[in-house]
């Protein structure tokens, strides 16, 4: 693991998620950019001091030279470090599991795409929300045509933790353009919402219009984004990302409407998927429960569940699904086998998509929220 | 009553709403533009045939000349008839209770504003959703500063009844520009959402950007609207109005976020208002139940309730609130007294606001959804 | 109307419910047992003073002798007056619409049954909750076998308004055995829950065990009832009625489970009926919306709705359904026609059932909550 | 681990729960009563074959003799094996973490209590639901007097998986009195509900009346239980446990009402606790979120959470809380330190309570559901 030292929320999440299904063991780390803190953090989580490194370059080099060196690295640093760290490990054939957004700039993302294309290692981006079973089911239902042609995509991600000027570790780097990149809310949570919509619908908009705001005095990045989206197919969408909406917690929510039916999913109750065929009663689909359509092709939902319906699985289990799928892909690769069917591993393409989204938002915002193309 | 003949949903709503609290008796009508149907409809609801008129002009003239002629008229026609009918009755000093949008065009709205300004009669616009007790409470809470300065307004109104090409009476005129005016979803339900946001926040945006769609082949007016809003104060908003979202029924919903707290209200459960002060547990406020703040000035919520909490009141009771407030205003006027305190009667200003909203949406839509000013 | 004077909640409910669909006009009353208050109350609601009576006997006699005397009377008095008032009007061939429980004692109920059997007038008991469209739908679904053979009936009715010792008008007589009869919560709300379960399932238990409590010091009647029920078919049930459960409002709720499926309905959202077939996704049925089974025999749900789905109808509309069904039955009787099909008018049988329920509860409670037979 | 071989749901739950926070490593097992299946299951989860035992006695003996033998054992067998297995390990000073109910009979439970009292090892019973943070918060609030004196306890646990005669592994032993003990639903889920009520209220009823049913033809144990409860304090309660309620999943739910306020918690949304002070708006308390009262004594809720509010934690995290508390208690004991403050580890007392509950249910059921004492 690189990053994820003491006090970092997301590092602990990666550690639990990797451990949950028993496919990973954490054996080495460069847990902080401060060597002292790296050492302390390593001790706190029981790492062998010999494999606690002062910086990621040293770690990549040392681990690559060990016979039983790490097979994969988790990158849990602030955004601006994703690129150099990923590059260092990919270059040595070590698989990378990286937090999102993929990089701080679109240029870096494109460079990383090239590097990853040539590397002998996997690159996985932890868009964890796309690994919830009911999101996978939604994707399968859209693909199977249960909704008919898609017309509308309403997605939102609302939080309240930046309602006031705050100084917590998580908030600090996220509101600093040097470390977070050009996007505030759009980078931190907007990319999740955008990727979730793409996962469910199988479509990416080609144009967007973005009205970005920084409501809290002194804040240097956006803390609220109001975005309109247009798809080549004629579908349209709205995306709202906010970190200043008091009373919301981690309110990711998606609604998709087609000619024949709608779907609705809220992160607050991630095991429920509403299916609303036009002219029929709404159906409440539940993780592990019976479905509305006769099984979407390529969906292997059982594999993403651990306990029966009614025994709530949540955020850590969803995150673990991604780690477990990555493990299966890595094992297959090590065995010279093809990637197992039914996996859905976000990677370079999702990362590029995220940076293009951020880039388009900023271009639109500087043009008074005019519609702009989402590259390429 | 003018309009509201057999098969018209909203005519029956106005009749029940007016009757519910016992302040009105329906004694005369021109219930349809077809004289034959007008006669049949009058018989069906038990009107005295002598006071069932073949057209509204005849009715206005005859009733104005009767000693016990009507005191007020309800206008339940398609949109394009609102203006001439309202004009005919206002000119004769008969109070007008008119469905929304106020007129078919902004020009008519401005003309009616002038007429009403000179008339010796009230003009009430039935923005019924603004008469729900919990909406009034929300308004009082915002006015009292419970949310702090407002930052965000997220409002939506989603229906599914126009998902397919339909030919019902209600759908027919609503999708005909000659009768509905230039707005489809934006006129029929967008104006409600816009007025609701203004009611709750006490603010009207000064700019908007609108992406309008007609998803159903052959439809001549918009059936979906994606709208961004900006307020002079720096607040921002999103408005979504759709009639093609399968599984939604009459999904009006508003969320308002300020520096200190949020509010959330859904029409599906109109007696519940969520109050979410930052850093405190969410509170579920209920019609007739205890409040969060020590009573907003000018709010007289008890008057808007008939039965204790837990005995659901709904759409017809909300609509009746408006009729009853109109009756109180009319009685006061007849008695030469000032309008009672605490009334909130939507009228000409709300009507003008609605038409300006429609007008701005269409101007923006024709400019690729660029931000435009909302007149005046 | 007899009873229902100023300050009486249920009197106003009966007045609105009768007026809502336009089938009744209130023309006479004996609104209070205090002549002075009767006069004031009559004036307050605009009754002709000549038809405001000082007592119900005078009213029955006078109205029976008028050519255009009342056709029906609403009884909204405390429970102990139901019997004498109903008797007085039935004896004169005036239809009776009476609040529940039917009488204060089982003896009175049996006497009234005999009187009503010989009277030339209808007797309707306002078990209003049984007139919600989704309750009627539930009944039709059970009757159609959608649930298979019924195994379990879980019904509850929880309120909190008697949590503390209170002196309001409503509370006063309800906690006085002289006026309420032997049942407190079991009479006031338990009978509603019991009748609702019978309406939905089409079955009445033959045995019950009741643990009754009076939690508030000084209270003379039960304010909480814990009841077990057994049906002849082998089905079992639980009934909870409480008036001391803080945070509940008017929490009537029923869940029925059969061999094949379950149903769930909450008064808090009376337009939603959950249908849960075993091994299939739960379906959310909505008033006015599409159903799960191909229409139950004898159900005429459209007639019980006024506005489209998503425009909430509530308590007063449900109550009005009963008044309107009574009007249809009365009109048919006046015309010498058979009672229209599809009506479901609670009457003498429901009243007897309620008093037998109360009687059994008290017998069980005095036997340390042993199971007892529910007469006859 | 003893029990928990391939196909056993609860074994996998214990494995994940123990691993989640990183305090346990699974190194030995007797995973099945069938030696062959034990070997296969051990291989499937990667156990060292040398430490996969054919029976629990062999395992206890061998592990106790190893220098690095297991410190604790998880017992995941059918109920009838809990006693002999627990005895074998406790006798050797190995800590026991045992699934519920503690034993198959009350006699065994009493014997185990004696054994455990003399053993140099901890005995922990996995009443996992009592380890949800919001349940702990509820307990602290009751203890702090936020509800006033408790009057009512309404608890239920409804499932539907035994609606039909089923032959799955889980169902097979649970409906066999030889393996499950005398209780069906009352043992499997009723004990959870009973223990949850005791956890929240801090009180155990002294009397109960139970109506037990076996609805599915041929079923030998109860699949539905309707139970009334009485507390020495005068409080009363209802407990419903069912495995034949179609549409319910794992529907554990508790509501507690006192003189001043109520609390409500549903397992379906385990991170939400409703607090309903009489005469005030309901408050929605959320895991990790702000509270209603100024922190209950001995509650250390932060320790029971891993991720911020809005990132759902569920069943496995709740179960892991118990494992982690056990680890902390074990470590303290090993270090010769007192048990850390704020732990709440269900153990022998809870196990005895559960068996006394089952015993009382059966005694009452055989006496036509008369109230009986809950021993001792």
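As written, the chains take the letters A, B, C and D, and residue 1 is the first residue of each chain.
By definition in this document, a residue touches a chain if its C-beta (ideal position, glycine included) is under 8 Å from a C-beta of that chain, and two chains touch if they have at least 3 such contacts.
The structure displayed is predicted, hence computed values, not measured ones.
Which pair wins on C-beta contacts, C-D or A-C?
Of C-D and A-C, more C-beta pairs in contact link C-D.
Looking at where subunit B touches subunit D, is over half of the residue numbers used by both copies, so same, or under half, so different?
Same: when the shared numbers are divided by all numbers used, the fraction is over half.
Find the geometric centre of each of subunit B and subunit C from their Cα atoms only, then give the gap between the two centres in Å, rounded to an integer.
Each chain reduced to its C-alpha mean, subunit B and subunit C end up 35 Å apart.
Subunit A to subunit C: how many Å between their CA centres?
Averaging C-alpha atoms per chain gives centres 55 Å apart.
So how far apart, in whole Å, are subunit C and subunit D when each is placed at the average of its C-alpha atoms?
42
In subunit D, what residues contact two or more other chains?
248, 282, 286, 289
What graph shape do the protein chains here make by touch: line, ring, star, complete or other?
Topology of touching chains reads as complete, every chain touching all others.
Touching residues of subunit C toward subunit A in the complex: what are they?
It is residues 275, 279-286, 289-292 of subunit C that touch subunit A.
Flag every residue of subunit D that touches subunit A in the complex, lowest number first.
By the definition above, subunit D touches subunit A via 9, 12-13, 15-16, 19-22, 45-46, 159, 161, 248-251, 267-270, 286, 289, 306-317.
Would you pull the subunit A residues touching subunit B in the complex into a rising list?
That would be residues 151-152, 154, 160, 163-164, 209, 211, 213, 215, 224, 226, 228, 230, 234, 236-238, 240, 242, 244-248, 255, 257-262, 264, 274, 276-278, 282, 368-371 of subunit A.
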